[in-house]
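For reference, chains read A, B, C, D, E and F in written order, and residue numbers begin at 1 within each chain.
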Amino acid sequence: MKTAVFPGSFDPITLGHESIIRRALPLFDKIIIAIGTNIDKTGYFPLERRLDWIRSVFNGVEKIEIANYTGLTVDFCKEKGADFMIRGLRTSADFEFERSVAQVNMRLVQGIETIFFLTQPEHVMITSSIVREVHKCGGDVRQFVPQAMHNSI
Amino acid sequence: MKTAVFPGSFDPITLGHESIIRRALPLFDKIIIAIGTNIDKTGYFPLERRLDWIRSVFNGVEKIEIANYTGLTVDFCKEKGADFMIRGLRTSADFEFERSVAQVNMRLVQGIETIFFLTQPEHVMITSSIVREVHKCGGDVRQFVPQAMHNSI
Amino acid sequence: MKTAVFPGSFDPITLGHESIIRRALPLFDKIIIAIGTNIDKTGYFPLERRLDWIRSVFNGVEKIEIANYTGLTVDFCKEKGADFMIRGLRTSADFEFERSVAQVNMRLVQGIETIFFLTQPEHVMITSSIVREVHKCGGDVRQFVPQAMHNSI
Amino acid sequence: MKTAVFPGSFDPITLGHESIIRRALPLFDKIIIAIGTNIDKTGYFPLERRLDWIRSVFNGVEKIEIANYTGLTVDFCKEKGADFMIRGLRTSADFEFERSVAQVNMRLVQGIETIFFLTQPEHVMITSSIVREVHKCGGDVRQFVPQAMHNSI
Amino acid sequence: MKTAVFPGSFDPITLGHESIIRRALPLFDKIIIAIGTNIDKTGYFPLERRLDWIRSVFNGVEKIEIANYTGLTVDFCKEKGADFMIRGLRTSADFEFERSVAQVNMRLVQGIETIFFLTQPEHVMITSSIVREVHKCGGDVRQFVPQAMHNSI
Amino acid sequence: MKTAVFPGSFDPITLGHESIIRRALPLFDKIIIAIGTNIDKTGYFPLERRLDWIRSVFNGVEKIEIANYTGLTVDFCKEKGADFMIRGLRTSADFEFERSVAQVNMRLVQGIETIFFLTQPEHVMITSSIVREVHKCGGDVRQFVPQAMHNSI
């Protein structure tokens, strides 16, 4: 069974995340979308709300599991029996950061491979951080997030 | 009438900002230098001082207007009837960030175009953040900021 | 009179070029699209065909002039009385190259400013070089070039 | 059946290529290593030799198929029934180029997804082009290429 | 006498730092490893512990001096009679940042040259910040830091 | 004795090269400026002329030696007893390329360290390739090359 973890803070989940997960689905038997949490860092949106949004977006998609975890992402992968991590790449700045994280993970636990998917051109400008910034300024962020969240953000 | 907004935190304005604004002047009928402010984020230098510095730098330049705003930059542009935003580009790291912001702005309000000017080679190393860092350490920052501020920083 | 030169090899002109030129039009009184040619370097498409394509794309647009030149781009600008050059920016790799060229031009002739426009997200992957590559392999390149060229490429 | 094409010129295949293919194997039912050839561009090493080297490296690996093709890579994928392409990412410069190619491919044929794997840290400096350069200067390139080629390069 | 300062927060020192310092030793008569401190910013590990770790790593290496300072790094260099600074380069993102800092330093005090060494391929993913992140999550960071610290981190 | 090789094609030597070599002089006992040549690749300027220009620029500077070589740069270093190579860094694009080359060299011959110096801000836009391009177009390249060459280029 091919299981992948897509870790992130999903604060909030964006159209970019959704597209990558849907395109990754054919390649795996199960994808676990997992929100990593830190005791000393709370998100902009509460954890429960972020999880609810992800649940509503992938409601009824059988291969998808939704979870949250504390501690190292690689430990969570081992616990779940996942041999793969999924990450999206938007820009070359993303790339440098993601490469360091993936290579550290490879060193922490052998045999967990990070697979990268490209963000679609129309989603390249969308980051959770920019969505939060626009939201904080009272702007309408619906065009940047999945349809299923339009009534609750 | 061609109106452009040059948004920023100008904390403080630098020689790099000044040079870009002066080079952009021939292209526009009015340039509004606008400090975006956030309720939850105060600057290193107080807002009023940052505005005063900009006023002293462009004192007597007719096409220049100086303002501050809260909320989305694109909403401020609409309110002011500005169809253009001006931004400077120093490095490729800058570029990745500025591209995302400009593309999100294009999506929030159609018809506002961001125009980019190159930072002059001798100003490429100057950022407001480095100026603050040197200032905090008690260093002399006058060679990085406009002449008009030399007695008050 | 605000005149800008958009220099390039346009081998061939793409949707990306077209979009940048149309978005730059409101800012200038005249835009000269100019193909720089080299004696020792011939293009993939013949010069005359490249010029014809540009003519058909901007047919009837009053502010547009189409030309070709040899020698330095800055000398051509001076000859035409243009104080501005227009360039598009797709990626951070583009940026590094364009910055060097613009800064060298600034040093060769003072007072010629290069203005940068962002490539639209849906055009970021389109370069003349990729279009030529696809064309060479017998692929259909029409979705990457302006409508007016669809019957002749 | 999950089939992926790993396209390239493999002039020559390197340790970096080998590592990526071996790490991609668990994810696919078949991986086709495919040398794209151009009539007007011959490689540094002859095509037949490049193919032989790849054959010797993956000798006995059941899921691997080795091929060469002319024309568009996406057409070759369609012909082979492959829904995925595999590419390695070494550096951020690589990334910018690979992103453009992958996004053009997505536009040429819908439904072909490019999956990216990271080059291992110890292989990041190895490119076919650097291997050729060292080989041309009479240097020993064996530490950069797979074991199976050590006697024939 | 050729004296160099290797400034940083070393929070904590990593294998990457250690390797660069050891490779820089043949070039200088003295290398001062110096932790810059800020009144308003405390580290993740206490200053004294960070200094102790560096002392244990370079215990008995005659050319090495270990110090901490407040204020501008260039002022510390002048005070110590150091004409050189040493910095490591991991990625192109690093490079953009380090270039700005070095060029500002060159402007603050003339005659202090920053010399760059490359991080070894196997250390490229290691940053103090990633080590802290793994440590915070309860992970084992010993493979990322010098041998001499293995019992005390 | 600390000997460094500054390898390149110096086609032609620029102000950027000159500045880096002069700033590197205090660190070494000898710097060998070495033009690497290839049988199948001739330069834009003839080898002898390129060597003459370098000789005229560093005429009378005792620590400087000027040479040309074929084959691997690291073999030339070994032959000359040089433990260091010097390279300049202009941009992050430069960096990615230089890192690969330096890491391959480290693998080819152990114990040869590449030391990097930053290009001065006012020289960042100058590359030999841009100088050749301007020269080919009949432009005046004297502001980009050392004083000593002004009468002969």
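We adopt the following convention: a residue touches a chain if its C-beta (ideal position, glycine included) is under 8 Å from a C-beta of that chain, and two chains touch if they have at least 3 such contacts.
Note that the structure is predicted; figures quoted are calculated from it, not measured.
**Student:** Quick one: how many steps at least from subunit C to subunit E, stepping chain to touching chain?
**Tutor:** So the least number of steps between the two chains is 2.
**Student:** Moving only from a chain to one it touches, give the least number of moves from subunit C to subunit F.
**Tutor:** Each step joins two touching chains, and the minimum needed here is 1.
**Student:** Compare the CA centroid of subunit B with every other chain's and tell me the farthest one.
**Tutor:** It is D.
**Student:** Is the C-beta contact count larger for C-D or for B-C?
**Tutor:** Most contacts of the two pairs: B-C.
**Student:** Just to confirm, which listed pair, C-D, B-F or A-D, duplicates the contacts seen in C-F for more than half of them?
**Tutor:** C-D
**Student:** How many angstrom between the C-alpha centroids of subunit E and subunit A?
**Tutor:** 34
**Student:** If you average the CA atoms of subunit E and of subunit F, how far apart do the two points sit, in angstrom?
**Tutor:** Each chain's C-alpha centroid was found; their separation is 29 Å.
**Student:** Where does subunit F touch two or more other chains at once, residue-wise?
**Tutor:** In subunit F, the residues touching two or more other chains are 91-93, 96, 99, 103, 121, 124-125.
**Student:** Would you please name all pairs of chains that touch?
**Tutor:** A-B, A-C, A-D, A-E, B-C, B-E, B-F, C-D, C-F, D-E, D-F, E-F
**Student:** Which part of subunit D faces subunit E closely enough to touch in the complex?
**Tutor:** Listed in rising order, the residues of subunit D that touch subunit E are 91-93, 121-122, 124-125.
**Student:** Under the definition above, what is the set of subunit F residues touching subunit C in their complex?
**Tutor:** 91-93, 124-127, 130, 134, 136-140, 143-144
**Student:** Please give the residue numbers of subunit F that touch subunit E in the complex, ascending.
**Tutor:** 2, 23, 26-27, 83-84, 89, 92-93, 95-96, 99, 102-103, 113-118, 121
**Student:** Using the touch rule from the top, collect the residues of subunit A that touch subunit E in their complex.
**Tutor:** That would be residues 38, 70-72, 75, 92-93, 96-97, 99-101, 103-104, 107-108 of subunit A.
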